[in-house]
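Below, chain A partners chain B and then partners chain C, in two separate complexes.
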Partner chain A sequence: MDSNLLASFGSVFAWAGPVVFAVMGETLTEKAGVINLSLNGSIILSAMVGFAAATTTGSFFWGFVGGAAASALVAFIIAFMSIGLKQSQVAVGYVLTLATKSLAYFLGAPFIGKPVMQLPLVSIPFLDNLPYVGPVLFNKTLLTYLSYLLIIVCYIYMFKTSKGLILQGIGEQPAASFVRGANVNRLRYLYTILGGALVGVGGALYSLSVKTWNGQLTGIDGIGWIALAITIFGGWHPIRGAIGAYFFVFLQWLGIALQPLLPNVNSRIFQVAPFPLMILALLFVNIGNADWVDRTLAGLPEDARKIISRLIRGMRTRGPAALGTPFENE
Partner chain B sequence: MVSNRTEKAGGFGNILRTLLTNRFSSITIAVLLALIITWLVVLVMDAPPLRVFSIMVNGSVGSLDAATQTLQAWVPLVLATCGLMFTFTAGLWNIGMEGQIEMGAICAYGVIHYMTGTPTPGYVAITLASLAGMAGGAIWAYMVGLLKNYGGVNEIFGGLGFNFIADAFLLYLVYGPWKPEGVAQGSTKMIDAQYWLPQLPGSYLSLWSLGLAIVGILVVTFVLKGTYFGLKLKAVGKNPKASFMMGIPTSRYMLLSFVLCGLFGGLAGSFQVTGFLHVLRNSISGGYGYLALMVGMLANYQPLIGVPISLIFTALNKGATGLVIDLQLDTNFSGVIQGLLVLCVLLMDGVRRRLTKTFRGVQHG
Partner chain C sequence: MDVELVNIYKTFGRVHANDGISLKVKSGTIQGILGENGAGKSTLMKILSGFIQADSGDILLDGSKVVIQSPADSVKLGIGMLHQDPQDFPPMKVIDNLIIGSPVGLFPNRKKIIKQFEELQKQFNFAISPDTYVDTLTVGERQQLEILRLLWLGAEVLILDEPTTGISASQKALLFETIRKLAAQGKAILFVSHKLDEIETLCSQVAVFRQGKNVGSMVPPYSTEHLVEMMFGKTIARSEKTCDTQDQINFEIDKLKIDDRRLVIKDVSFQIRRGEVIGLAGMEGSGQAMILRALAGIIRPTGGHIYMMDGKPDGRVDLAGKHYFQFRNLGISFLPAARLEEGLVQGLSLAEHFALAEKQEGFLIDREEVEKLSQQRISDFNIRGTPESRIEELSGGNQQRAELALMRNPLRLLLLEHPTRGLDIESSMYIWTKLKQRCAEGASILFISSDLDEVVHYSDRILVFFGGRVSPAFDASLVTIDQLGQLIGGKGWS
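Up next is the complex of A and B:
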């Protein structure tokens, strides 16, 4: 592999940073039983706020705080409207998707063309000298390293700690968790806001590292929907979700890498192709839940049936049982 | 004294409660709240609110020219809203409307593209283009329904997936087979004037598309409110399991609601080509599909209420275009107002329901 291609491939891990943050945030939120459908707007809004805060204060720190706060606020509105006022999470989330996107483009217009701020690269000593792996993984920004770390932390938190067990409980069996002493609705508020903040860090990462703020030409419209799809594709599991995020960004990278080989196809096709591919990937993880599949399989010969059903079962994912439903402790 | 004061507080509290629990006053409060927040947003941008208001009114309904343009832009939005009433009634969230409009436009343009140069009379070509558009929209919606029914993919994601595919397909056509001669501009060649919907002199408004939009509103209202089919569709939306037990083939009804919805979206898309832009170009659906979902929500899923709301939304869009020229503000301002309106109505509706619920509780206690 020549070094140019290798360096270019390495950018997959940097570009995937924001998607990983968004997917981890949404996974936490949905594990608690709340759908934050507003991701596509939240990410754009926090990219704008992050850029505005960073260029105004001159500090990356405030940029990320601003981005996180903006998305956390949107998440709070969803939590309040759905938990406090029993409105449909999908309806509120959808409205916020459009509203925050418009708001970002409207308020962010004066910041287009402001001097760009790009997070500096930090090489990790020794590790960056490793052949192949070094330049691909360990010559990145601090936030990219944080995105690696976040995957592991999320995994350990969800599956290896008692708090993570309660988190799973309030998304699966809120009534049972309540009986066991969990304050279901308070925890749902908490995880929705926390998840929103992570999404916001992802958004700010777009405008401060992966891309920059350029209004409607920023080129991040649609990513939020993909992050929501990856959360499902990943079966609400941090590591599978991360694999989904890297896979999506890999497809995007592939589109760019393949372009010189297929000069007859317009470059814009390559840019949009990963989006439908990622959405249709949902078919593979969902098809096992359809009852016609079972009926069809029952008619197949024994050997074929075993192999196919094992394959489908391996891919199949199922969301938290109480996802999207309100909980009343009465 | 003390009792007097509590009575007074109770009196004020009662007025507030009545205002918040009455459906009409609650919506009024929601609209006022949305306007106040909008006003704050305008102040953040350091723009004069009254000037913004006058520009928007002038740009949307201030002159005959502006009003006909608003009416013209209203046609696709109200058609999309009408279509969504079927899926909303069936309890489905057809976010794929955007792609259905796009496919309608692609199919309509395709018909005209291949008829150009043949001796087909204009009105035949336009009729065929509209029918092709409707078919395109319906097929696209049907695909989303199939994905949901047989693939277990939620219609939100299936719809988005097909929106993305429609985007890619349109780009392919515009930059590929239907590219005009010369440099690719992201748009096809303009269709011959004989394939344009007849327009009122000096404007883009066509009485044909306007008339069909009104027919569409009446059809949807009749089907949903006046037929047995509409009633059963409503039952499917409210409780699919119970409807299935009652002998309604739920999945067939859901698929049918998608198809009906797609017909309207496709028609809207074909009008974008034959009645307005006269080309096929990137983002020809103009965001009407996404916007129509908000109109439907704000209209509480009632087609007739959707009519004035879609008109207001179009006027906001039209008015906001003037802000760029006069105040260098972004046109997305209309989206901010629209979003805030729906959000505040949902908020006040939630407050109203919560209050009425506690009231009932107190009364029973």
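Up next is the complex of A and C:
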């Protein structure tokens, strides 16, 4: 393969970092039974705060801390409104989406044009020399590596540890978890804020490595909504969510890569196409949830039906049963 | 471990759920706790298990006072509670259900835990595979799992809240055997029930609760009459059986066929006379519910006829395939088993329900008229509530009375699904008195019940269902519970 193309393809994994952080954060939060709908606004706000903090202090570290803190604060507001005050998570989240986005452009105006800070690339010795895999995966920023690690950690935490089982429990049957000694509401606060902080790291990562803060909507607006969709259609599963995130960014990259080859096509199509394509892909993955599919499959020859229906069943997902509902003991 | 509850008080709003209850249970005993719905049994048990906190009162374990602020506290102290509704995680595996909330460290050693689980369940002859998902288990198995979990956590005191609701007869026998074994091991068992026969066969002593108070106790040999008197403050005998059946035929069902995805019922033919009560017996899912819904106009039969006789010679109307509204307007009423889900509207008050059920005249609701009507119905049907009470605030018995009060006049056919399920004896007798009044007025009743005693006592004729097949109608006075039981279990069908 052409080494330029390979390097370009490698950028999928770098660009996907923010989406991965956001999806993991939202997955944690929703597993606990809380919907943080503010993702689109939170990401923009933390991208702005992350950039501002980094350029002001000259330190990437404070950039990420700032981004995480901004988004965690938004998450805390959602947790307080929905757990503490028993308000609708959807309504609160949606209003915060709009509010944080506007706030980001308002507060971020003074930072437009400040010197760009770009996270340095760090090659991992030995691994970066591997053919194909090396340049694609292992010549990235530290935070990109962290995003790989996060997927694995999230997976192990949720499904292999006892704390992860409780996390699943409080989103599934909060009353039963309470009976088993879990402090449901405290844990929900915790996971909402933690999830929010991860979303914030994603936002800061965007403005510090993918595209710098320039006070414009291009690129970053919409990522939050896509991350929400990936969380849901990814079945609240970290690995599936990550695959969704990479697939989405791959579609975006494809648009850019194809553009020079198809000069007659309006470039906007390449920008917009990943969104509907992504939704279609997600719908296809979850097609097994619809009754008519079973009926249609019944007409196929037995062997084919078995294989297809097993495939579809494997892709099928179910959300946390108590998602979006408050918990009260009595 | 010995348990002692001293002077427990708990109020919910204006209701005194526990009004100074004291109770002492020695280790190794099976303590029955008997009382009608709302007597305060579940509240006291939830206090002991930490699910809710008492307003005042003390809990003593082995003579020393303990503070229980949460379920976590009670588990640590060795108290385990089997809740009435299974408190588990249906989409998760059995083994994960066991682990959730247990102190097993961050990375649980599943192999070791599965071994412990298998050893534990061998003791009690349970057979649950640790790798299956909980939503594939029966209610009885989920209960077994929960008991195992509590024992695995080291429970010395075991609370069982109405554990026999929704489980099969063989599972009940196994449960009772298990409880006896546990008592023999020295555990203290608190067995909560409103079923007299269970308490009498199982418990080594019983305490009776009434209106939030512990009104008395008894040890074997039990006197049922005395227990009932303590429960209700007076003795209750079932009303005399009366038959209001008239000669006139009300409905004629002819070769009815209903197709469900799982079950096909065909060639069902029977007549319903005015004033008659027909009981439909059978295991749940044998087709009774489908027949009832077809007669209510909710599901459409795929063949056959539902004739309504209109009094003139040879005059009959075929209702099969007609719209539900037409059934309703002809005086056919259906009361589903899921009261809150299918029968009533959560969030609306009693008065709003009455307003909804009446024929609407004009655009706005006549508040005064509705208020008057509600007061009237509430006193007629002896509902404990006000016109402003929201329907979900009422107890099960009062919800059922409200449903009866909502039915319109005149009625031709009344279709009931488990009309007295979950109700105490007094409430269910009241319901039946009201139902029999309707019969005397010429309405016919078809009802489903899993309580065979109820079926035999209140029906004039009985239809038995098994796997979509329907028996000919039996005369209820000529059939025994034993015969019915065999038919329900699939024996004796030609």
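For the reader, a short list of remarks on this structure follows.
Everything below uses one rule, namely that the second predicted complex is superposed on the first by the 303 of 330 C-alpha atoms of A that agree within 3 Å, B and C clash if a C-alpha of one lies under 4 Å from a C-alpha of the other, contacts with A are read in each partner's own complex, and residues count from 1 in each chain.
The criterion applied here is as follows: contacts are C-beta pairs under 8 Å (C-beta built on N, C-alpha and C of every residue); 3 or more make two chains touch, one makes a residue touch a chain.
Predicted model, so just to flag it, every value in this text is computed and none were measured.
Of the two partner chains, chain B is the only one that A:Asn266 touches; chain C does not reach it. Of the two partner chains placed by superposition, only chain C is touched by A:Ala175; chain B is not. In the superposition on chain A, A:Leu98 makes contact with chain B only, while chain C stays out of contact range. When the shared chain is aligned, chain B comes close enough to touch A:Phe275, but chain C does not.
When the two complexes are overlaid on their common chain A, residue A:Phe106 makes contact with chain B while staying clear of chain C. In the superposition on chain A, contact is made by A:Trp225 with chain B only, not with chain C. In the superposed model, A:Ile152 lies in contact with neither chain B nor chain C.
When both complexes are aligned on chain A by C-alpha atoms, no chain A residue touches chain B in the first and chain C in the second.
Across the complex, chain A meets chain B through its residues 37, 77, 81, 84-87, 90-92, 94-96, 98-103, 105-107, 109-110, 215, 222, 225, 228-229, 232, 266, 268-269, 272-273, 275-276, 279-280, 282-283, 286-290, 292. Chain A contributes residues 160-163, 165-166, 168-169, 172-173, 175-183, 318, 321, 329-330 to its touches with chain C in the complex. Chain C contributes residues 12, 46, 49, 51-52, 70-72, 75, 81, 83, 87-92, 96, 99-102, 104-108 to its touches with chain A in the complex.
Note for the complex: chain B touches chain A at residues 41, 44-45, 93, 95, 147, 149-154, 156-158, 160-162, 164-165, 167-168, 171-172, 175-176, 184, 290-291, 293-294, 297, 329-330, 332-336, 338-340, 342-343, 346-347, 349-351, 353-354.
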